[in-house]
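Taking it in order: structure first as structure tokens, then the write-up.
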Amino acid sequence: MGGKKVAIIGGGVAGLEAASSLAAFGIDISLIEKEEHLGGHVSQWDRLFPSRRPAKEVTGHLTGRLNEKVTVHTGTEVQKIERSGKSWDILLNNSATIVADALLLATGFELFEARKKEEYGYGIYDNVITSADLEKKFARDGEIRNAQGKIPERVGFVHCVGSRDEKVGNLYCSRVCCVTAVKQAVEVSEMIPGCEVFCFYMDLRMFGLDFEALYKESQEKWGVHFIRGRLSEAFENQDGSVLVKVEDTLAARPLKMKVDLLVLMSGMVTSSGTKKLVDMLGLETDENRFLQPADRQLRANETGIPGLFLAGTCTSPKSIDETISDARAAALRIMEYLNLPAPTLTPSPNWGRDGEGAGTNNQ
Amino acid sequence: MTFDLFVLPFFLGLNILVVILVVKYSRWIKGFEPADRERFRNGIFSWKSLDAAGEVFMESLLHRKMFRRNVLLGYMHMSFALGWFLLIVCGNLESRIYSKVHLNPPYYPIFLKFFVADEHVLRHELLSIPGFFRLMMDVFLLLVLSGLVLALVKRASSHWFGLKKTTRHTFFDRLAITTLWLIFPLRLLAESFTAAHYHGGSFLTNNFGDLLNSFLPAEQLSYPAWWAYSLALGGFFVSLPYSRFMHIPTEVMLIFLRHYGIKPTLHFNHYSNFEIQSCPKCGVCIDACPVHTNAHEDGIPPAYFLRTLKDNNPCISSTYNCLLCGRCEAYCPVGININALRVSQRIRYAKNLNGSFSYLKPSKIPTAEVAYFAGCMTHLTPSIKIAMEKILTTAAVDYQFIDRDGSVCCGRPLWMAGKEKQARELMDHNKKLIESTKCKTLILSCPICLKIFREEYGLNIEMLHHSQYILRLVREKKIDLKKEDLQVAFHDPCELGRGSGIFEEPRQLIRQMATLVAASEEKEMSICCGGSLGSTGISCYQRDEVSQLTLETLTANNPEAIITACPLCKKTLQKDSPVEVLDISEMVIGKLVDKEVFKRDLIYQEENL
Amino acid sequence: MNIEGKKVIWKEYQKEIAENDFFYVRSCVRQSFFPGSETTFLKILREELGKNISEHPFHTTCTGIAYHSDIVPFETTMTVIARQFALMTEAGFHNYVPSCITSFGMYNEVLDTWHHFPEVEKKVRRLLKEATGKEFEKPKNLVHSSDIIYKFRKEIAEKGKFRLINRFTGDPLRIVEHIGCHYAKIFPNKGVGGAEYPHVLAGLIEEWGGEVIDYPERRHCCGFGFRQYLVKANRGYSIACSQKKFESMKPYKPEAILTNCPGCPFFFDRWQYAISEMEGVTYGEDGQGIPVLTYEELAGIVLGYDPWDLGFQTHQVPVEPLLDKIGIPYDPARKYLGKNGENIGKPEIASNLKFCH
Amino acid sequence: MPNFGYTISSDRQIDYDSNDRRIARYLAEHEPSFLVCFACGTCTATCSAGVFTTFSLRELIGNIKRGEIRNIATEAEKCMLCGKCQLACPRGVNTRNVILNIQRALEACGL
């Protein structure tokens, strides 16, 4: 089945999974990633919910499955895309051109810019950080100290920052923040014995099979407190601690408390890379600026344009497992499009077993 | 010769023991409620004492209940108790032969062989009265020694005696048991050494004496042996009041007190002391306790709990985590009222725990022949309510559903938590409510309610569990049931079976509808479903452990369904049950015959749509 | 606290403020609350900055107080406001400058309504025409008078005779600012620095040598809340709001409270007295209160105007201690003498709050 | 003091930092299942006492967690200990022991 060529824009989870799935059937892949490294956001993460396995396991496995059919262009951005007949001419910023029979957009998401929620004081109050910042602390420092170098005695997590919020124009739920907050709450409690941890939530959306168990563990084993209500504002005290105001909606009363560290659960927004391609290719987007597939149920990986496919969080917020399934689905659609026989099974026996065989299994 | 220095340890020990016992018992008896003291006084010189004596013989000496539990265990206890008893009796009679005086000092018979050890007195044929006694004395000694051997074996491997776990020992326990175990070997030695010389024994002591004599200086050793024997006895007597063996005299007292009609009360009192001290720590209750064996909760079995009561510091967990299922009571050979003792301690903890139900406003119910009280738990199993109403309407019973719009709790849970005062508040409310119906019969679906209604409400009307009432309806042909080819097991709810002594009616009712297969543990021995409101302490996970155990016993003979007669049991068991779990009332509506009935059913259902 | 972070936001929230030719409309209440302020504003603009600023005798309320008390319908409000605009148009001005924060909010609200619902604007024009025969143009530039002081803060600093520095210690004066709720909370992009970290007053304090003190309840309402104060039965809420702020700022030892709203300074000033009477609590150093200033008064101090001409004698919380710190000369004897020397009477001595007589 | 005709209204805000959370700690230690309550309100809906009076275990637990313990003693008293809530609770909270321990905690904390 030689000769066929597919270009994938975005070297995150979706791009990697689609690339290896297609390459496994002998299709030539050009994987274009603007960053210097593959793996997207996950490569910046320490551990993953709900199992808390190291993120490296997943990125390692995904990159490890790329075979010789995959040409990786890191640190590379798309300049121009043109349709010539049935194929795509893609001009890169290193002035190389790629010709592909099909084009898959896996341009992913960006974290919501927490500064936009001015009232929470991100970038102004020393001890207000985002979930991503905290994850870096986990990965880099292996310990948690606040700006004053103090080990926090109380940490607060603010759910839905930039999600489900008309004031920032995001009407959707980012799906992964709730369980991420609970995961991080557990990790903080684990790292700092006796630290009081609070989650300020509107609804807890524990949709995954093991998420509820993690939620219960956080309460039962770690005594994490959950306060139902959305932060109205935060303020910095003289000692650098953060004073938060929220309504305890279950007590139907306003509540204020001091935390040594406030973590904002920034949601997912469509990436700048995606926006660029929207202009380049005149793609449709929905009211939340995510790419609009031909049909969200039935043709979730297709666009109106033949040979142009979508995968991953560029169409909507997704968890890693959802993204991987989505990428495989996209791969299958592309196979069909290229008039290749649809594969009967995905040839990656090791995939999915926790960590086992991660990074091996190149066929 | 009727005295020697060596008797002193025994003699003093005996006196000390007697004094301590007299002091202890009289103090406790003085502490009785006036009414109980009255009962005691009237009891002593009445036929009741004879009955009591009879029971003492059966239980304290023969250990009948022990035998029932396990033959070896029973024999061990019997051989010690009965053997020793006979040695004393027989020894006394034997001593009469030799002594001229009418009243011998108490040590005389015990050490008889020492005092009468001289040739001419001891020349007797085997087939003479003295010879007979000698023979008997050796037989009884052998009996006791056989028990001793078993005791030693039990030490090594208790499971032969049907005990998975045995009790832990205190210092005095160890002292007492060591001395106890030494007494009879030493007696054997002392008598044998003596017999070796004068042949004053029988088949055992004579031959054993000769054997020893063949390689030991028997004559020189006999005197020290008597000393040792006396010391062992003395040591045992002195340590007895502070050891588990206090149960020997106290159990006897308890049997008498019971026969005099003295009963345990809700509150801890001096009668409770008799009960606590009567516990032999035999340990049969340990394996009987599902919370202990399966929910891994320590300190619950009476053998442990009662000791903490002796030291007067029961901990919260051992006081509150017990299910009050009463299984240990069913097992207890001494028949101690453990639930009462447990609750008495909860009262002590609950003294400052308040509760006020001033918000309850009196209300009335229209009058009716029969009143039905579903109870809190039944409201969580509406199928039982519906079934009961269906049955009652089918049988055209004139009844009132007292708590159709929500119950005021019967008070049993508060009662079991040791909050008597608060329980009474609720009971008064319900009592007025029920009296307002002027009913003659009260039907209850929840055995928890049933127990306290019967025991504490003081309503002088007939109070029946629905299983009893339905059986009556069947017998009176008010409803007909069809029997089907169905195999079911019956789970005895604690409060219905052990609690209220209702074992048979539900079974008879079930037999009208299906074939009843046995559970591996049933009736008095049945295991709690795990949901009991008697425990406030244990976690839901621990409750599940108990349920699992119960389900194993219920499904031992592969029934197609489990029938119970308690909303709480039903709800608890059905969680993990491999087969369907039904309340007996639900089973009944499934088996109603007579077309009329089905018509009424339809009408009934329409009415309730 | 990371000031750079605030600067990022201040950059985002800058608005156009006209250079000259202002049509000034006074507040209903300020002239009685703080009589010196509005005249000082005009004096500064005319004499110090040489600006062309005019006001109109026929100008009326914007109905803000009635509107926020739910006693006039929005149509009425819009028509009344349309009339004010007509006065400006007739006077040949395009830059509308209300002295009242609530009015500023009202005007923004009305203009925004007209922007989104042109038919409403049409209707209002018709109503105004029918009622008064007047026509109007919408202001080209609508700013609050504090915005103008903010715009010219550097010029004022240059002409200034005093800086906001404690002459005994040489330290900058610690000042908390309070922005009227209707300044930016309704339309954040209409306020200098936005709604969360407004710069309009902070900018003055910084520019004139003082130190801005931020405190937890800074964003909280002063407690006026219209019906909360106007309905006597609700005044407990009003005073509770102010108290909440005082309690919150107290640990930061502020030496003055700077405001830009008619109500706020009045309540901060008077409630400090009421609270001291009710609970014996005062919030300044040794029994004094925290002086409350309007931005005009502060500018007046900086420019070296006579404190009594600025109207400090009408403050409940004495300002003298602050003046002494800065080193501003004043004649205590003249404190209670009116414009033409007649005695305007002294207030009673308060039980707890320190007064200066 | 002059009569102003009004007083200072009290604050409805829960001041978590200054609240007394000893009861919450006691419960967490003596009946840890208290921690897993997720305020679904099943207990309150099924409550036998709730039929006759304003009693909400959900609210009671919430208030204790926030250190709002002013009237928990009188609230806890309303419980009949009937155990319906324990059967209904989706999280296996040992509700009856929570009630008993609230009363013990008050005793232990001398409240």
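Read from first to last, the chains carry the letters A, B, C and D; within each, the first residue is number 1.
Following the convention adopted for this analysis, a contact is a pair of C-beta atoms (placed from the backbone, for glycine too) under 8 Å apart; a residue touches a chain by one contact, two chains touch by 3 or more.
Every value quoted in this text rests on a predicted model; they were computed, and no experiment measured them.
Student: Work out per-chain C-alpha centres and flag the one nearest the whole-protein C-alpha centre.
Tutor: Answer by centroid distance: D.
Student: Does A-D or C-D have more contacting C-beta pairs?
Tutor: Output for the comparison: A-D.
Student: Could you state the distance in Å from the CA-based centre of chain A to that of chain B?
Tutor: 65
Student: Would you kindly tell me how far, in whole Å, the mean C-alpha position of chain C lies from that of chain B?
Tutor: One centre to the other, that is 86 Å.
Student: With chain centres defined as C-alpha means, what is the inter-centre distance between chain A and chain D in Å?
Tutor: So the centroids are 40 Å from each other.
Student: CA centre of chain C versus CA centre of chain D: separation in Å?
Tutor: 46
Student: Report the complete set of touching chain pairs.
Tutor: Per the contact definition above, the touching pairs are A-C, A-D, B-D, C-D.
Student: Which residues of chain D touch chain B in the complex?
Tutor: 33, 46, 48-49, 51-53, 73-74, 77-84, 87-88, 92, 94, 96-97, 100, 103-104, 107
Student: Report the residues of chain C in contact with chain A in the complex, numbered from low to high.
Tutor: 1-2, 5-6, 8-9, 194-197, 214-219, 251-252
Student: Quick one: in the complex, what on chain D touches chain C?
Tutor: Touching chain C from chain D are residues 1-2, 4-11.
Student: Where on chain A does chain D make contact in their complex?
Tutor: Residues 204, 216, 219-220, 223, 225-226, 228, 248, 250-251, 253-258 of chain A touch chain D in their complex.
Student: Which bits of chain C are touching chain D when the two form their complex?
Tutor: So the residues of chain C touching chain D come out as 232-233, 235-237, 239-240, 243-244, 274-275, 277-279, 351.
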